[in-house]
Amino acid sequence: ADKPELHMGTNANFPPYEYHEYVDDADTIVGIDAEVAAAICDYLGYTLVIDDMEFGAIITAVQTGKIDFGMAGMTVTDERKESVNFSDTYATGIQVIIVKEGSAITTADDLFAEGANHIIGVQESTTGDLYCTWDIEDEGLGTVDRYKNGADAVQALVTDKVDCVVIDNEPAKAFVAANEGLIILDTEYVTEDYAIAIAKENTELLEKVNEALKALTEDGTIPAIIEKYIPAEEAAE
Amino acid sequence: MTTNVLIKVTGLEKHFGKGENAVRALRGVDAEITQGEKLVVIGPSGSGKSTFLRCLNRLEEPTGGQIIFDGVDITSPSCDINHVRRRMGMVFQQFNLFPHKTVLQNITLAPVKHKLMTREQANARAMELLNRVGLVEKAAAYPSQLSGGQKQRIAIVRALAMNPEVMLFDEPTSALDPEMVGEVLQVMKDLAREGMTMVVVTHEMGFAREVSDRVMFMDEGRIVEQGTPGDIFVNPQNKRTQDFLSKLL
Amino acid sequence: MSEWFDGIKAQFILNFVEKSRWRYLLTGLFNTLKITFFAVLIGIALGTVIAIVRSTADRNLNAMRHGPGRTILSFFDKICRLYLTVVRGTPVVIQLMIFYYVIFASSRNSVLIAIISFGLNSAAYVAEVVRGGIMSVDIGQTEAGRSLGFNYVQTMWLIVVPQALKNVLPALANEFIVLLKETSVAGYVAIKDLTKGGDIIRGATYSPFMPLIAVALIYLVLVVFFSWLVGKLERRLRNSDH
Amino acid sequence: MSEWFDGIKAQFILNFVEKSRWRYLLTGLFNTLKITFFAVLIGIALGTVIAIVRSTADRNLNAMRHGPGRTILSFFDKICRLYLTVVRGTPVVIQLMIFYYVIFASSRNSVLIAIISFGLNSAAYVAEVVRGGIMSVDIGQTEAGRSLGFNYVQTMWLIVVPQALKNVLPALANEFIVLLKETSVAGYVAIKDLTKGGDIIRGATYSPFMPLIAVALIYLVLVVFFSWLVGKLERRLRNSDH
Amino acid sequence: MTTNVLIKVTGLEKHFGKGENAVRALRGVDAEITQGEKLVVIGPSGSGKSTFLRCLNRLEEPTGGQIIFDGVDITSPSCDINHVRRRMGMVFQQFNLFPHKTVLQNITLAPVKHKLMTREQANARAMELLNRVGLVEKAAAYPSQLSGGQKQRIAIVRALAMNPEVMLFDEPTSALDPEMVGEVLQVMKDLAREGMTMVVVTHEMGFAREVSDRVMFMDEGRIVEQGTPGDIFVNPQNKRTQDFLSKLL
């Protein structure tokens, strides 16, 4: 019990990677990231503490030392690498496009078509937000509406406030399952690697985390966690 | 002649408040005011003079009794009091000019909004009336730029602009500095001479003597005594009238 | 020292110059002003109507005869009271979300939703201000209006309300300043106001300091400027009587 | 009708009963009350200090001899003015973000950050209220205190401020209600207040109506209840003279 | 004997405001007050009586001149005026009791906070003084529950609780209903009899005649005339004193 604490920052409105659930009468953050982080801490001899914060605050919080690492289905990008170090990849994420059934948008290319003018819902500061901002809004091909969390963006799609939502594949599946009349387009927006963000100075922790990831992948712990949240038959589909 | 009666008041009652604490401001007042008559109402403070006057155009809602104006029962629920009021001018102690409007706008507002005249007609009529009271050059001024006497003269003009059939005055000179009382009384005298029916609550006994056809003395919500100025001022019959006048003169 | 300055400069370029990020602030500012301005208009208009109903009821309901007029007035008075209680009893951001996700769920014009939502909220606060203004207009003004044959609504509209609004003009102008700050929560529902402009830059550059301070400074300049205008207005009104 | 009722019931179960989701509202409510309560305390304490400095300067600066006392007072007065301008010139949500992302960037206690941030904001508004209260205490009270040999600070502390605070007690209690609503933007920085509690449920169930209305109702009940308490307090104070 | 002088005022000036519009409330006042003396200050309204009194304990900051209290220059910047004030009691026209404290708390606040007495000592002393002015039973009352005369007596007791060496009174009976003046004057007379040094601004000529050792007449910021009550009231030398007294008596 007197193991040192390791603080993880995340935005817990992002199933199945992290979300709130009452477990044994306590408000708990569960999900792939939460369990992988717990396994890493267990392996390294730390007690895990999860801080729920705005997604856009996580990188800053890592930089300032408010948290020891950030783990929020976070994609490695060059910009982010300028601010923090990233661990090895522990999962692969795909940014997909959710639309309403019968939508005029049928492939990712429709978003970039000449003269396209769609409203795209995203979660503020996620890679989906960044890519759409660069590829679409900055090119004058549409508007990006940035919501505080993915669920709000999906809610906006349901009520036709936006034409589509660009978001990570796994939460997208959860969202589509929960809302009738939504589909995920077959063409994905982009594929990317999820990794753990750690402060530049803290190379020691980075090495330890990488070591843990390697060991836990080899002994099957991490694949088991992913399998638990994303059953294989579903992943194959 | 009954056709001559412009206003007929019967059994007028006015209570403020309800139940035991009610103030009985008017306790059964009967009165007739004939066409062209100049009636002056006098009486001690709190006797109900203002209340009586304000009941005549229903600024105070009577609690009981009847008021017939030009053959119409204006206390009946079916009567459109707004139309009746257009035929009765009222002048207040505190002038009550509209401070956000110029003199001309004060005068023409009602005739124009009520579509009694076009704006041009109303303006012309206003200038004519202003000329009569010697205030033509104040047409574009705001009330705050006028003296008390000028304000009251404008208030009279504003009421006259509606071509009313009767003018009601509630102590029109009481709020004025003494040197301004004369100019307002002069306008009222001119008006009387032209034959306007007038009901005037005032403490100006000189005016009452000179102008009025009848003086009505009220006390405690009742008409105690009435008659010609000669009768009332020279030969008051009632003890209370005598008391009141002796204190005043 | 020069190193520190270089750091600041680099931060500045990263946050505002690169990829023309300053434009997020500019469009955000524009939306903030737009929402504030139109919300204030709605607030004043609706607030005045509520104030008229409330003050009419307060002054006349007791003395009125029973009848349809009284019933109607009493009904509207109750509606207004309920409106005031509900709007003043809940946070504006909750109201905004209810408008965004429930009432206007299928509207895409989120700026318009914000305008309506902040406007309806503002009305509840403006109503109390205007009501005070109406109560401060001498009752003789109403009597003069009525004795000229105007009905109650005409008297209110032509005579009492213009004076009441003039009396509370500085307070109403101040409502603009209050709303300017209040609309900063519009980003809660993906509206691109000034605050959100800063958020977008922050999300892209991961440097919180510059964007937040820039946004704060813009608000500060706006508030100081408008407060100065309100002060001027107040002094002018005090020196004129009509 | 019964179908409609079943729908409502299903929605209710989904949003509040299933997975004990009502508990998000409960912990949220608890945090909201905690933040509001402590923020009000900070607001009143700091606001009173600012009010003392400002009213001391307003009353005495002109008449004071040149010297260190005058310089110090003038310095603190300027600081207070600057504080008031900046805090009243920027939206509370921006202040909250600056505290969250910049000033306390390395603190993990976000509820504490919210308390400090809302408290410092509230102080700027409380200061004006208390200053009014101080100005309304008869100058004879100060003279009596000084003539008994108390220095200025003792006189303020023992004699003037207690009376001033008593005079403005209802206004201060009202500040609690204002803050209660204002803290609803705490969710902007992921603090789990009442509003955020509703957001979490909404994020899990995708039905905006129920959680939003539930949150609004809770705020409404709180505000109505506390307003009633303030009204009671006001009536009681009016009936007692000391 | 010079050792006998408790307060020595030299060339006291007090101006309110600056430049041309300054009000020159005191224009060079010289005065000596000896131990145990009862000095009454009279003069028309605005003559500077209050200003003079309030300069003595520096409630008003003198613009010029010097005040020596018990050998110490209290106008010098190095003087700790708060300590000096503890030795001077002051009673105001408007009582200025602390409304949020009980009578007992009003009286004991200063002695206890200044650590001159323990709370027990202060309470005992307060009850003794309350007994002297006949208000023991009001110890637990709040000021709002007292009559004006009772308030002023408590105010005197509050000042006495500090065991001052001089008591300053600024029209202590002017704000009282006539029937309460007597009870306050009685307390002041008792105090005088016990040998307290007193400076009293008052219009109560009876009190002045009976109690005072010296009467000082002020006008336009200057001492115009002074002497025993016999001299001043019976044989005023100065024209302005004569005028003032003739209007008063």
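So that you can tell them apart, the chains are marked A, B, C, D and E in the order they are listed, and the count of residues begins at 1 in each.
Keep in mind that, in the parts below, a residue touches a chain if its C-beta (ideal position, glycine included) is under 8 Å from a C-beta of that chain, and two chains touch if they have at least 3 such contacts.
Bear in mind the structure is a predicted one, so any value in this text is a computation, not a measurement.
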item: Mutual neighbours - chains that touch chain B and chain D alike; value: C
item: Contacts common to chain D and chain E (chain labels); value: none
item: Remotest chain, chain E as reference, centres from CA atoms; value: A
item: Rounded Å distance, chain A centre to chain D centre (Cα mean); value: 36
item: Gap in Å, rounded to a whole number, between the CA centres of chain E and chain C; value: 56
item: Distance from the mean Cα position of chain E to that of chain A, given in whole angstrom; value: 80
item: Distance from chain C to chain B - Cα centre to Cα centre, in angstrom; value: 45
item: Numbers and ranges of chain E residues touching at least 2 other chains; value: none
item: Interface hub residues of chain A, defined as touching at least two other chains; value: 57, 60, 148, 152, 155
item: Sequence positions of chain D contacting 2 or more other chains; value: 101, 105, 187-188, 202, 208
item: Interchain pairs in contact, sorted by label; value: A-C, A-D, B-C, C-D, D-E
item: Residues on chain D engaged by chain A in the complex (per definition of touch); value: 19-21, 23-24, 27, 100-101, 105-108, 110, 187-190, 192, 199-200, 202-206, 208
item: Contacting residues of chain E [partner chain D, same complex]; value: 57, 59, 61, 77, 82-83, 85-86, 88-90, 92, 94, 96-100, 109-110, 113-114, 142-144, 158-159, 162
item: Touching residues (chain side chain D, partner chain E) in the complex; value: 63, 65, 67, 138, 140-141, 143-144, 146-151, 154, 158-159, 162-163, 166, 241-242
item: Residue numbers on chain D that touch chain C, as the complex places them; value: 85-86, 88-95, 97-98, 101-102, 105, 181-182, 184-185, 187-188, 195, 198, 202, 208-209, 212-213, 215-216, 219-220, 223-224, 227
item: For the chain A and chain D complex, residues of the former touching the latter; value: 7, 11, 13, 19-22, 25, 27, 51-54, 57, 60-61, 64-67, 148-152, 154-155, 158, 175, 178-179
